[in-house]
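Consider the two complexes below, in which chain A is the common component and chain B and chain C are the respective partners.
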Partner chain A sequence: MDRTGLRRRATGVTVALLAIVSIWGILQPESAAGELFWTATETGTIESSLRLAVPIALTAIGGLYAEKSGIINIGLEGLLIISAFVSVLVTDLLGPGQSTGIPPVVTFDLGGSTYTIDPGLQLLIPNIWVGLAGGVVASMLLAFLFGVICIRYQADQIIAGLAVWLIALGLAPFAAKVVYGQPSTAQVGTFDNWTIPVLSEIPVAGEILFDASPMVIIMLVSVPVAWYGLNRTSFGYWVRASGENPKALDTVGVNVDRVRYAAVLISGFFSGIGGTALSLGAVGSFSGAGQTMVDGRGFIAIAAYLFGNYNPFGAFAASYLFSGLQALQIRLQGIAPTEVFLMLPYLVVVIVLVLVGRTRLPEAAGEHYESGED
Partner chain B sequence: MSRARDVLERLVGASGAERAVISVAALALSIVVGGLIVFVSGLGAACEAGANYHIAIPLPGSFEILLFDGRLSMFGFQSCYDPINVYEKLFIGAIGGLPWESGWQPTNFSMEVFLQRATLLLFTGLSVAVAFRAGLFNIGTQGQMVWGALTSAVAVLFVADFVPAGVAGTVILLPLALFAGAVAGGIWGAIPGALKAYADANEVITTIMLNFVAYYATTLLVREFFQDPQSTGGTQTRMVPVNSLLPSIPLGFQESRFSILALVLALVLAAVVYYVLWGTSFGFDVRTSGLQPEAATYAGVDAERTIVRSMTISGALGGIAGALWVLLANGRFLTGQEVPSLGFDGITVSVLAGNNPIGVVFGSVLFGVLKSGGNTLNFQTDVPPELVNVLSGLIILFVAMPEFFRLIGKYLGVGDEPAPAAATTDGGEEDG
Partner chain C sequence: MSPNSGRRRFLKGTGAAGTIALAGCISSTDNDGDGTDTPTEGSDSTETESGDGTETQTEDGSDAGADVNVGMVYATGGLGDKSFNDMAQQGALQAEEQLGISFEEAQPEQNSDFIPAQRQFAESGDYDLISCIGFAQTDALTENADRYSDQHFQIVDSVVDTDNVASYVFKEEEGSFQVGHLAGLLTSQSFEAGQGSTDSDSTNVGFVGGVNAPLIQKFQAGFEAGVSYANEDVDVQSSYVGSFNDAATAREAALSMYDSGADIIYHASGASGLGVFQAAQERGKFAIGVDADQSRSEPDFADSIVASMVKRVDTAVFTAIENEVNGEFNGGSVTTLGLESDGVACVYGDALGDAIPQDVKDQIDASRQAIIDGEITVPTEP
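The block that comes next holds the complex of A and B.
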């Protein structure tokens, strides 16, 4: 069976399973399947599934850009860890719940007298949003480092990705301990929901879409934008060509390395929002014990875009599948021991990878491209 | 057929000296960058006065050549941490002081921790190296360790009631513990191996996912079936009987912490792994499938079976590490955060060693020092012991980019040698 066949089978199996549970659940609401179905379709469950999907889906979108361009970014987990931490740190240092004015008021001493430059008109940005920017910058810096190692210094992409992961896994708890004396940070609060007047009154859909965390809305906007960018713009075309046939792209005068840097930075950008969504979007703090609060979501994101066949919509659907399991776990405690639910998403990722097999990688993924110019 | 083998043998014959140079350079650079991180993070830490930097070359007696003594500041901030002092604590504290100082005992606590961690890392490093040689990334040594540890603890606790006390029991229990660990770890390793071989599931992701599954599954099993009734806090099994621990002969290490026998066993296994990889036809299959999967298949290697077998061996080594973690470090199975770091450090050890079993011996000694020194940091300084994990990541990073060192070498005029062997996905170069 060829790869497309495998994918079709994987999607088929998933859809069939969901359909069986749904139909059985509708017909027999008292059964286990019934409880599963009705819980999964509750507004509350959908809301929390969407919230939990944000880190995975955004990271998956970023990761698929990188992989499409020929750079397999296995270090996404590290990007999530670093941005989850830095966004909280920045928010905390600036003062949670307060705002930062841009441009800032500058005070300095000159020859004994004090001068103050007050721009008069300031744009007040809540510190939690500055924290988001901080997380995104941190993630993009680490992604850039990863890009330099892979593109400039031709490192093996898998090993470089593992290094990025392990560095972040050490650095975030290290820095948290320096600042807070423990591997976790202080509590700094979360984003307030965005409520759109009128529209949020619509039953179900209004509650879910128009009275939601800004992170959820960013994700819902990012998915189509990312799809459009990849499939309908010339940049997207370059990204795909850089992964499939870098030589051809080089021949028509596009710098392959530059496209790949851009794609890796995009993966850093989206992972940065994803990591922030994990810490500032849901809990309001960073916890760095063990595998940190990221707990493998970076790797789950890779599985998500493989399952979604490098399509942002597919990646989002797969992320929702994984996060839905997490949401159910929170709601269905008591049916089975907690651990069963906790391990379920990871098991499902393994099963998905088995069903999908190795997705047809972009032709030149994982390979360094040597332009003939130098 | 023989021609294919010739080509492969030549590919395999590349120099290991370059590899060693890269590893040492990567290590040195990681230590420098780690020192910078310590210094910079000291700027943000709170302390009364900045760290006093005392940099001197020690001479015999109490003399020294003073290079620098005072405080350093950056942008008006003084750093609270002195990287040199930190490294001194890290490396010297790891073995409990300098051996020629008075009062130093070869069996002191830090030495025990150092040797114990080095032994465990030798196993996890070998585990990762075997898979690497076959072109597979076994990130799942952690999960294999966890299963190995639980199975061996449970097996020993179950059988202990039926065997005689004392040394007679040891003769039965000890091999049983190691065997149980190896079997459980081997099975847990074989799963992602089979998924890779027959379903083409990416082993990097499956092994990491299975780590989480192993963690939750063992926690569940212990809580439901094997929980120590006397335990007040953690999820843990009962203590294994004393006669199942490795005897502390011939040196007087404390049984619950270290035994020379474990180290000897580890070294023997390193030699065995080396022999299997370079002295048997199975090892040849493993290495060639790692280097050139297509050529290996062409030369008649059963690719699927080789993948599963390599992952099984890799998992079994991880499982033995788990068994020894029970026998050497804790005396029981307990769920916690420490096992994972040993599994992950196995990756660094193996990458640093160029995936060579003999190199792994050196790598594990180095990381044993770092691990034990991390404890010292925790007790004696304000610098978080997580520094060791940062160093670990940096080492992998630098080992992965030989091109960087080549450019530096070129810049310094050392010579324009061809790019040395990188740590690569395809199993890497040989130095056997």
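The block that comes next holds the complex of A and C.
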């Protein structure tokens, strides 16, 4: 198959280029390639790349689930925007830096006397985590709406996806204007790093992996879990069958629509964490000027899962490649013309789309499936 | 019910809802309430938009601006940005109060909306001056200025070389030189204020730019010149994020600079700059804001923002309106606002300003005077 061949060749060329730069860099540390290699392998750069990879990689994982099931979700950018905003809003409304108890203490007034129901034992959740939950719920709601439009009402998936993006692009800054009087939100703080005892003592790897933002750790856990879910569970088989041959899935008695709804909701779930990682994870606020703070990451995520050929590990590697280039370009603008570095991530996306854009889509992707029974 | 009719009804419903939502978007060009109270377009309608454009306005004393109507076309991002657009509105409000003019506002959402927004004002013929804020409107105005050659336009932050456009630009490099001078002086000594401190052993500062364009390079060039004016041994790390909206990447750029020894980072990157402030707070270092006094507009970061390079957009807007009211519209000319005319300035942070040693402030004042007197020439390219 020449399509598979093309993809292999593209991957091969990328790996070969990376290898050439690395070897050249190791042999000649003084050269440009040397600086590139040694900067790319610095702890700070790797941490930076991982943090920048989080929104892209998680969104890519969500997107590939949806597409594997036959629903092309190009509204991922919109899901990122809405979750980035809602997570900050929820945290701010509950009170940044405080905690919410579950179950709550309920107080009500009845004819002058007040009654209080105190559960006694409360689970205290920091509001920033409630904010994360809020962002995920908002993203899943929007994804569900997208699912209803595409699955129940058989709308064109590409157009519906664009609509999701445009709705979020307008809604989030508008809602921010209503609440805050400006297209961006207040400052609510960011997640504290998670330091895992003992493991974080390991030199280099411990510092990178076990003393990191919770968002990075969530991403690193999500990648193998998503791979296992897609390739080793019966739900994963249904998702893939729903995208490749929905009729066969229907024949064995599995409801195709329900599988597709589930996959779209999964894309909302992961994008929700991704969007939150961007606002609450990095900056502590949402800014809605122009393309909002998401700034095209949802579309880069689509390129990432195509490049990774619908494999969560591949999608993560592609995301890391993009974010690593970004981390390198902000560090190394001195050694090469700035424009070249600023262009690199986009150049890679273009190459990926031209060469790998021929990645074999799931057979039934983008098509509505109508079960024979009514 | 067949699925098709359900589908049709659903699409009809969403279509209607969408149309209403769109209508809401389009009407975003309405005024902000202040301008609505003077819709009397005057029975005489002495607006001079007709004819050859020579100013024949009547100057009847103090309220000369009563029949001057101004259309404001803001930069994308709209009002509430606590920066560029809000300052432009300040200028218009000041003119409304002092000169008695009235104004209407348009807030384009994206670059492609500039042409219709400008046209909407120009087409009506009710506006004596249309004020276009931001260099992104340059292309749109170049086109519209030819088309409506009798209409007076103002552009802020860019130059459109046409007889009916008055261009206002800033000497960003001069203001950036001032904050660079400040950063160079502070990194060379032990300075502690708010929650941050500089390390006197390491003399290192940083610059984070939005998009690598000539306009932003002026900031970088001025800053670098100011730093080396303070102390030739100070290293300046510079980086461009590639976007004015990417705070996450700007934060990474700033973190990497702070981690390699930078004490103070100056940003000229719009909304991306929030990431720089966030990084400064995380690392207990300092940042310098841009365009507006960001220690006031971003109070959450006031204990990290040591100063801001302020561009007085309000001065530019007010000056242009005042000229129009006085019948002295200076079309075809470029007004450059620098340190001398207070068009740019180094404003100390709201919370940290008092902690800056007086001898540092004296040196900053001295270099300001030296720039005004022409003793120091500030480069515009890095």
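The definition used in the following text is that the second predicted complex is superposed on the first by the 362 of 374 C-alpha atoms of A that agree within 3 Å, B and C clash if a C-alpha of one lies under 4 Å from a C-alpha of the other, contacts with A are read in each partner's own complex, and residues count from 1 in each chain.
Basically, a contact is a pair of C-beta atoms (placed from the backbone, for glycine too) under 8 Å apart; a residue touches a chain by one contact, two chains touch by 3 or more.
Every value quoted in this text rests on a predicted model; they were computed, and no experiment measured them.
Because the two structures share chain A, they can be overlaid on it, and in that overlay chain B clashes with chain C.
When the two complexes are overlaid on their common chain A, residue A:Val350 makes contact with chain B while staying clear of chain C. Ranking chain B and chain C by residues of chain A touched puts B first. Contacts of A:Pro183 after superposition: both chain B and chain C are touched.
Of the two partner chains placed by superposition, only chain C is touched by A:Gly44; chain B is not. Of the two partner chains, both chain B and chain C are touched by A:Gly170.
In the superposition on chain A, contact of A:Ile74 is made with chain B only, not with chain C.
Looking at the shared chain after the overlay, A:Asp295 reaches both chain B and chain C. In the superposed pair of complexes, A:Ala327 makes contact with chain C only, with no contact to chain B.
In the superposition on chain A, no contact is made by A:Gln98 with either chain B or chain C. In the superposed model, A:Asp156 lies in contact with chain B only, and not with chain C.
Stretch 116-124 of chain C is the one among 80-88, 116-124 or 260-268 that clashes with chain B after the shared chain A is superposed.
Residue overlap on chain A between the chain B contacts of one complex and the chain C contacts of the other covers 149, 153-155, 170, 177, 183, 289-291, 295, 339, 342.
Of all residues in chain A, only 44-45, 48, 51-52, 55, 149, 153-155, 170, 177, 180-184, 186-187, 190, 278, 282-285, 287, 289-293, 295, 326-327, 329-331, 333-334, 338-339, 342 touch chain C in the complex they form. Residues 37, 41, 44-45, 137, 139, 195, 199-202, 204-206, 208-210, 212-213, 216-217, 219-220, 223-224, 337, 340, 344, 347-348, 351, 384, 386-394, 396-397, 399-401, 403-404, 407, 419, 422-425 of chain B are the ones touching chain A in the complex.
Considering their complex, residues 74, 149, 152-160, 162-171, 173-175, 177-179, 183, 289-291, 295-296, 299-300, 302-303, 306, 337, 339-340, 342-343, 346-347, 349-350, 353-358, 366 of chain A touch chain B.
Residue ranges of chain C in contact with chain A, taken from their complex: 3, 6-7, 10-11, 14, 21, 25, 76-82, 110, 212, 238-249, 251-253, 255-256, 259, 270-271, 274-275, 278, 298, 300-301.
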